[in-house]
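One chain, chain A, links the two complexes that follow: it is found with chain B in the first and with chain C in the second.
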Partner chain A sequence: MNKMLAALVPAVLLAAAAQAQSYENSDARAKEIIGHVLKNTTGYDHYAVDMQMQLILENGKSFQRQIRQYVVEQPDDFERTVGVFKTPADVKGSKILMYAHADRPDDQWLFLPALNRPKRIANENKSGAFFGSEIAFEDLGNAKLKKMEHHLVREETYKGRNYYVLKSTPASKYTSYSFIEIYIDKATYLDGEVRYFDKKEKLYKVDVPQYRQFKKNTIWLPVRQDMKNVQNGRTTVTTWTNYDFTYQIDPSYLAPEKFMKME
Partner chain B sequence: MPASSAAPRAFFDAYFEFLRKWRHLIVWGMLLLVVALTSGVRLLRINGDLNVYFDKDNPQMQGLEHIHREYEKTDNLLVVVAPRNGNVFTRQTLDFIEQLVAEAQRAPFVARVDALTSYQHVSSSGDDLTVRSLVENARTMSPAELARVRRIALADSMLLKRLVSPSGHVAGLFLTANFPKKDFISEGPTLIKFMQEALARHPHPDIDVHLTGTVMVDNAFAESGAQDMATLIPLMILVITALVYYFSRSWISTLTSLAIVLLSAAVSMGIIGYMGMEVTASLTSGPVMIMTIVIADGIHVFTSVILAMKRGLGKEEAVREAVRLNMVPLFLTTLTTVLGYLTMNLSDSPPFRDLGNLVSIGAAVGWVLSILWLPALLLVLPLREQMARTQAKVFNFDFVGVFVTRNWRRILVVTALTSALMLPFITRNKLNDMFLDFFSDSLPVKQATTFTVNNLTGIYSIEYSLGAGRAGGVTSQAYLRKTEEFAKWFRQQPHVIQVSSVVDVVKTLNKTMHGDSASYYRLPATDALGAQYLLAYEMSLPQGQNLTNQINIDKSSSRFRVVFQNMYTEDLRKIELAANQWLRDHAPATMYFDGTSTSVMFRYLSEKNIRFLIEGFSLGILTIVICLMLATRSFRLGLITLLPNVLPSLIAFSIWGLLVGKVGMAVAFVTSFTLGIVVDNTIHFITKYKRIRREQDLTPEEATVETFRVAGSSMFVSTLILVVGFLVLVLSPFQLNSHMGMLSALTLALSLFYDFLLTPSLVLLLERGLRQRATPAPRAAPAPDAKPAMATT
Partner chain C sequence: MSRILQLLAACWLLPAGLLAQEAPAPLRADSLGTPETEPAARPEQSAAAGRTRRLQSEWSGQIALEGAWFYDAAYFPDQRDSYASLVAQPKYILTAAQAGLKLTVRPFVRLDAVDASRTHADVRELYASWSHHAWEVNAGVQSVAWGNMLGPSLVNILNQTDEREDFTKFERLGQPLLDVAHVGETSSLRLYVAPGFRPKAFPGVRSRLFYFPLPIATDQQTIEHENRPALAARYTQRAGNFDLALSHFYGTNRAPVMHFDRQRFLLVPVYRTIHQTGLETQWIRGNLTTKAEFTYRADGKNYLSYNAGLEYLFANLSGHNLDVLLAAEYLRDPWKKDNQYPFADMFFTAARLTLGGLHTSELAIHLLTNRASWTPLLNVEAKRHFAEHWQATLGWTSYVGPALVATDALSVIQYNSAVQLGLRRYW
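Presenting the complex of A and B:
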């Protein structure tokens, strides 16, 4: 009996160690994959783009939102974006300045032309909807990837393509997700599908992004994103058109005091 | 018995031959059929949704569905937190609420949680706009912070009388639930169970917690229905066994009657299962009613057999005699009952239509079992000689006959006088269908809701979806000003507790954007300003706290909600009609909306039930007049004996007006379905009287006494069983059922009274005329030769 136990204990310990080793490896691998994704999608320096959001209700009715975006990469941080609202008419001319940080909650300022003053949205809580859409502030951009803990949980062939599946947990205590499953295409190192799970660990939203290569095929940027809220049946389809990498943006305009001057 | 003697003998002989030849097949085959039909019970689903009471094409229902589509579902669960120290703004209580909010956010089906702690308070300092939960980490709050939160909360129109009481002694968590399947077994109870377990996980010795809201009310509907099934039916079985045994003194009689009753109830439930009906709390009174009504059929057949065997007939002959005697009368009484219940199909409310159809089916099944299965069974069963010596309980009502023949003129005068005196009290019945009153005070949900209404907020409401005519229109000056006026108008109306609209949100934002200056708590100066405030606000709200429950997605309409104290249906009617008129007179056409809510829908249903009451009653009267004329074979007699059948309901309603005074929709049906039951006694009395007159050459007075001798006991016993059966329903915690039972029992008891006194008086009036005074004293009644109570012939 004792002998058996004596033999068993090291075996168990060994197995546990191997298991830990593999977890460690998988986490390291996940980090590597995310690094690859970020490398794929950064390095654009700056650009202007027209963003169009179509909010489709469960009954098929849909509404348009148009925003002109100016994005400038930040070498030591992540990116800064100015969005100028074009439609609907009642909020036309409203502007939003967003600082996407690599290591802390993002900052936002909103300029309301009717009030003629910028207001800092001083919330740490980024779980709210962006412009009435199914996209939350915390879903915007790729800086979010830097503020999550990633685990490689499996590899999967899905709709004819091979994916790494990461289980990622946002660091913010205000997040509305328990975890997110990110499907990273093994061939392109881009996210092919993102599944958001709510606090009850039930599937909440499914995001299918589409990328295109720009700047002489050195960088991938999104051209379309279908975000479907499976719980309320609503979908937000976002398209980005007219990427302009030559548009000159004065970096000093990407600041709370001046962003309202962008048109 | 009507028509029995004249019924074609050949038909009954052929029928009996069939019964005798195939008796084993009938007994076992029908049992198999019964089992097959009863298995439909498995298809029955319990539905506790209040909305089942309304037709889908009801305009208020459509209005409510519009609101559900545009904003959010209104299924909700309200958790009321009442600390014993009378102050919710303590570390302990706020911490408890915070923990409950966290639990509720994880609860199944919960789409949104609104609470004092998670309320998104907007504040601004300099150019910072902060939107955050009013309370975070209550455990670590200082007294100063607690005081600050108290000050903010008790001054916020969006929290007050909704999530916190004005004195701060009670707070609420408002859970909005989204039930995808609308399944009341798997959804509502799951949520309730989760919250009850959550409450158990967080000990709260000094805090009382009450659960209410539509989820609880719907659940109570389903639960009280199930409870009815579980308690009333066994009780009914007990009552039937006791009564039948008491009167028949025969176990075989008791068991076979019980079998017929149970099989009728089971088969009819099975049939409605196959028909796809849903079990509602109202439908659960059906089995008890079926049992009550059907019990008489079996007893009639059985006692006829015993009577015949007493006369010395063999078993087979006795059964033949019973079939011959009972087939037509049972058909007639069943027909009147079925017709009475079928009038419930005139109702606008599906559950009551279902109930009418269920009892009709049950009565018909009972009839088939009584004239087909029971005789075949009796042929198969070894009925022993001693059956013939069974001594059944008999009541002697000769004295009533003697009394009536001596006093029939006085009886007519007294009846006229008491009727004239009583009938005006009908008008004291105030129409009331406020759904909280559907439950008796013994139910926990009633107590919780009463506490909530007394301390925090109301459960009755009216809702509007006010259209602005164009996308983005809800922030226009004109729209907001009109909405504000409407809110102001509502606040001046009686019974109003709280009015909430988009105006509160916009005003609060205007104030916040101007450095929290109280003077800016007004509508913004331009259309664009309002729109942009909302943009800023929405961009700041966390997930699950957005404005979609108040403003639709393209901002072309907003929700307007008024909460009331407890009140009568009539008060609601006044306010609702006045509000709709106000909108028509003062607001642009795009803003017009017929106010709606579950309470409003019940009010319309209530009104339609009054119409039903008149229609159903008229149709019922027409039906029984025809039946009476057929049964009595006399136009005059049929017409005049209508009186003792109509008066019981009317007088019962008068007594109800005097003693209770509140009439809900359920009691509206009592008049129509009791008609079909009440008429049976009259049919029994008149047909027997006529036969006695014809066959025995007696004067009207002598015939009256003789009729009481042969029929009085069975009329009394069958009415007694009916009264007791309906009284069983009084024990239901569901007031619709208990009131229905109470009023039915009252009507039936009165009907016996009228059939004993008024019916014979009217017959004598017809026979003798009003003027003729010469009334020969009736001969002494022949000694009763102990006919069993149930004998109908």
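Presenting the complex of A and C:
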């Protein structure tokens, strides 16, 4: 009996140690995977694009929103975006300036034609809806990936493709998610599906992004995103068209004193 | 009246016609269940670069029907107890973005069927803009707003106030300006020349928007240096969450000193040339904004005025896209006090509730309180956007304090409680 125990104890300890090491490795691997995703989707330098959102209600009724976007990469940080609202008419002419930071909450300025001056938004809470859609401010862009803790939880074959499944937790205390499952395609290192879980750990939203290669196939950028809120039955379909990498955006237009001059 | 109706119908049809061209083909929602997991590896769109047109023009704007009913007995005899207006504000923009050129045109028209003294037209904006790297030049009629306060601002001096609009809306007239700016990464400097001084145009004594205790003789008004352009400069600096602006203005004060004509029992506006130095600060931490404005004004005497406040945003309350903004500001302006203007020493408090979702609804409660007498003026406004292009508003403005003596600067305002209705169409 004692002999058996003597043999078992080290075995158990060894197994536990191996388990701990594999978890440690999995976190390192998750970090590596995210690094790969970010590398895949950055390096565009700058572009202009037309963003269209179709907001589909549970009863099938739908609404259109159009935003002209100008995005400029920030080598030491992340990216700066000017969004010019085109439709619907009641928000036409409104403009938003966003500084997506790699390591701290984003900065935002809003220009409303009625106010006729930019207003700096004091809001660390990015859980609110973007423009009435099912996309929250905290879901926008890829800088969010830098502000989450990622764990590689499993590898899975889903709809005929092989994925790494990451369980990611946003660092912000204001987030509306307990965690997010990100399905990263093993072949492309792009997210093929993102599942958002609410604070009660119930499935909240499912996002299916689609990417395409640009700039002589050196970079992937989103062309479509289907964000379905499974709790209220509403879906927001976003498409990005007319990517233009030749459009020159002077850095001064990305200053709060001047972004409202963009059209 | 029938002519107004005809005009109204014409204005209504115009935006509807302009609308017919938009609405892109809707995306199909049925593909949601079967996402295309294989990313389409099509080659880069070579045509994309050409899609950004060289010259772009765009029309937008709004047209509104506004009405108000003043339910208290008036201060002046024969004053109207209502107004009913048609307000149009179209906007046209022509851009040659890659050349850094832009033309902005924004006229403003108000036609009032009841209170004719409110009927007026103005050019809010008509200017050309040229931008090259960090340099920018704007020439023409512009609307420039300085300052960050939610309530009345001390530093905001370039544009004259539009007295024929509701004073709680802080509307301004267009101002001819030539400005040159250098906009850097975190700082900017802008120099202005403002030719053409625009004196205040007041509504008639029979209008309920008139809040002076005596009629104003604008035909007797004097302007110290009428033909001398005003000069101004503003420097802004941003350091992380801290914003700072320093400005100086030299020219005709937009607010006149009111001289009392004892013989005719009238007020005569006198516009004097002043120097005004302004300082604005804003500091953001989390959801809290702390801001302040200071002005040092030389107008015979030297006046130091200040305005300081806090703003806090409760965002996405309980996950229902309800934003609540609370603000409190305190303003003290000895110049206004010396010249018998209302709200020279006041608190401005506001609560704004915005419900996001598809069609934004907003409820704004503003309270302007005179500190000396603790007399509050309440303004409540509910707004609802609907059917993509429409906005309905219901408002109530009321003096809610005890009766005031005739010498109080708010003595007229206390009689002008009103219910307002508005219907706005955007295009």
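One rule holds for everything that comes next: the second predicted complex is superposed on the first by the 254 of 263 C-alpha atoms of A that agree within 3 Å, B and C clash if a C-alpha of one lies under 4 Å from a C-alpha of the other, contacts with A are read in each partner's own complex, and residues count from 1 in each chain.
Heads up, the rule we're going with is that contacts are C-beta pairs under 8 Å (C-beta built on N, C-alpha and C of every residue); 3 or more make two chains touch, one makes a residue touch a chain.
In this text, all values refer to a predicted model and were calculated from it rather than measured experimentally.
J.: After the match on chain A, would you call chain B and chain C a fit or a clash?
T.: clash
J.: Output check: A:Ala143 vs chain B and chain C. Expected answer is one of first, second, both, neither. What do you get?
T.: So A:Ala143 meets neither chain B nor chain C here.
J.: If we overlay the two complexes on their shared chain A, which of chain B and chain C does A:Ser94 touch? Say first, second, both or neither.
T.: So A:Ser94 only meets chain B here.
J.: Between chain B and chain C, whom does A:Lys228 touch in the aligned arrangement: first, second, both, or neither?
T.: A:Lys228 sits against chain C, while chain B stays out of touch.
J.: Just checking: does A:Met51 make contact with chain B only, chain C only, both, or neither of them? Give me first, second, both or neither.
T.: neither
J.: With both complexes overlaid on chain A, does A:Phe214 touch chain B (first), chain C (second), both or neither?
T.: Only chain C is touched by A:Phe214; chain B is not.
J.: In the superposed arrangement, does chain B or chain C reach more residues of chain A?
T.: The partner making contact with more of chain A's residues is C.
J.: A:Asn59 contacts which: chain B (first), chain C (second), both, neither?
T.: first
J.: After the superposition on A, what does A:Gly132 contact: first (chain B), second (chain C), both or neither?
T.: A:Gly132: touches chain B and chain C.
J.: Check the residue A:Leu112 against both partner chains and state whether it touches chain B (first), chain C (second), both, or neither.
T.: first
J.: Which partner does A:Glu193 reach: the first (chain B), the second (chain C), both, or neither?
T.: Touch partner of A:Glu193: chain C, not chain B.
J.: Going by the overlay, flag which of 27-35, 387-395, 549-557 or 603-611 in chain B ends up clashing with chain C.
T.: For chain B, the clashing option is 549-557.
J.: Jot down the residues of chain A that show up as touching in both complexes, chain B in one and chain C in the other.
T.: Chain A residues touching both partners: 55, 57, 63, 88-90, 113, 115, 117, 119-125, 127-129, 132, 174, 176.
J.: Which positions of chain A touch chain B when the two form their complex?
T.: 55, 57, 59, 61, 63, 85, 88-91, 94, 96, 108, 110, 112-115, 117-125, 127-132, 136-137, 174, 176, 199-200, 231
J.: Spell out the part of chain B that touches chain A in their complex, as residue ranges.
T.: 69, 105-108, 111, 124, 127-132, 178, 471-472, 475, 513, 524, 526-529, 531-533, 535-536, 538-546, 553-555
J.: Name, in rising order, each residue of chain A that touches chain C in their complex.
T.: Where chain A meets chain C, its residues are 48, 52, 54-57, 60, 62-64, 66, 87-90, 92-93, 113, 115-117, 119-125, 127-129, 132, 159-161, 174, 176, 185, 188, 190, 192-193, 208, 210-217, 220, 223, 226, 228, 235, 237, 239, 242-248, 250-253, 255-258, 261, 263.
J.: Please give the residue numbers of chain C that touch chain A in the complex, ascending.
T.: Result: residues 19, 22-24, 26-27, 29, 31-32, 35-45, 48-49, 51-52, 56, 58, 60, 91, 93, 95, 97-98, 100, 102, 129, 131, 133-134, 136, 143, 145-148, 181, 183-186, 188, 236, 238, 243, 282, 284-289, 311-313, 315-316, 319, 321, 323, 356-360, 385, 388-391, 426-427 of chain C touch chain A.
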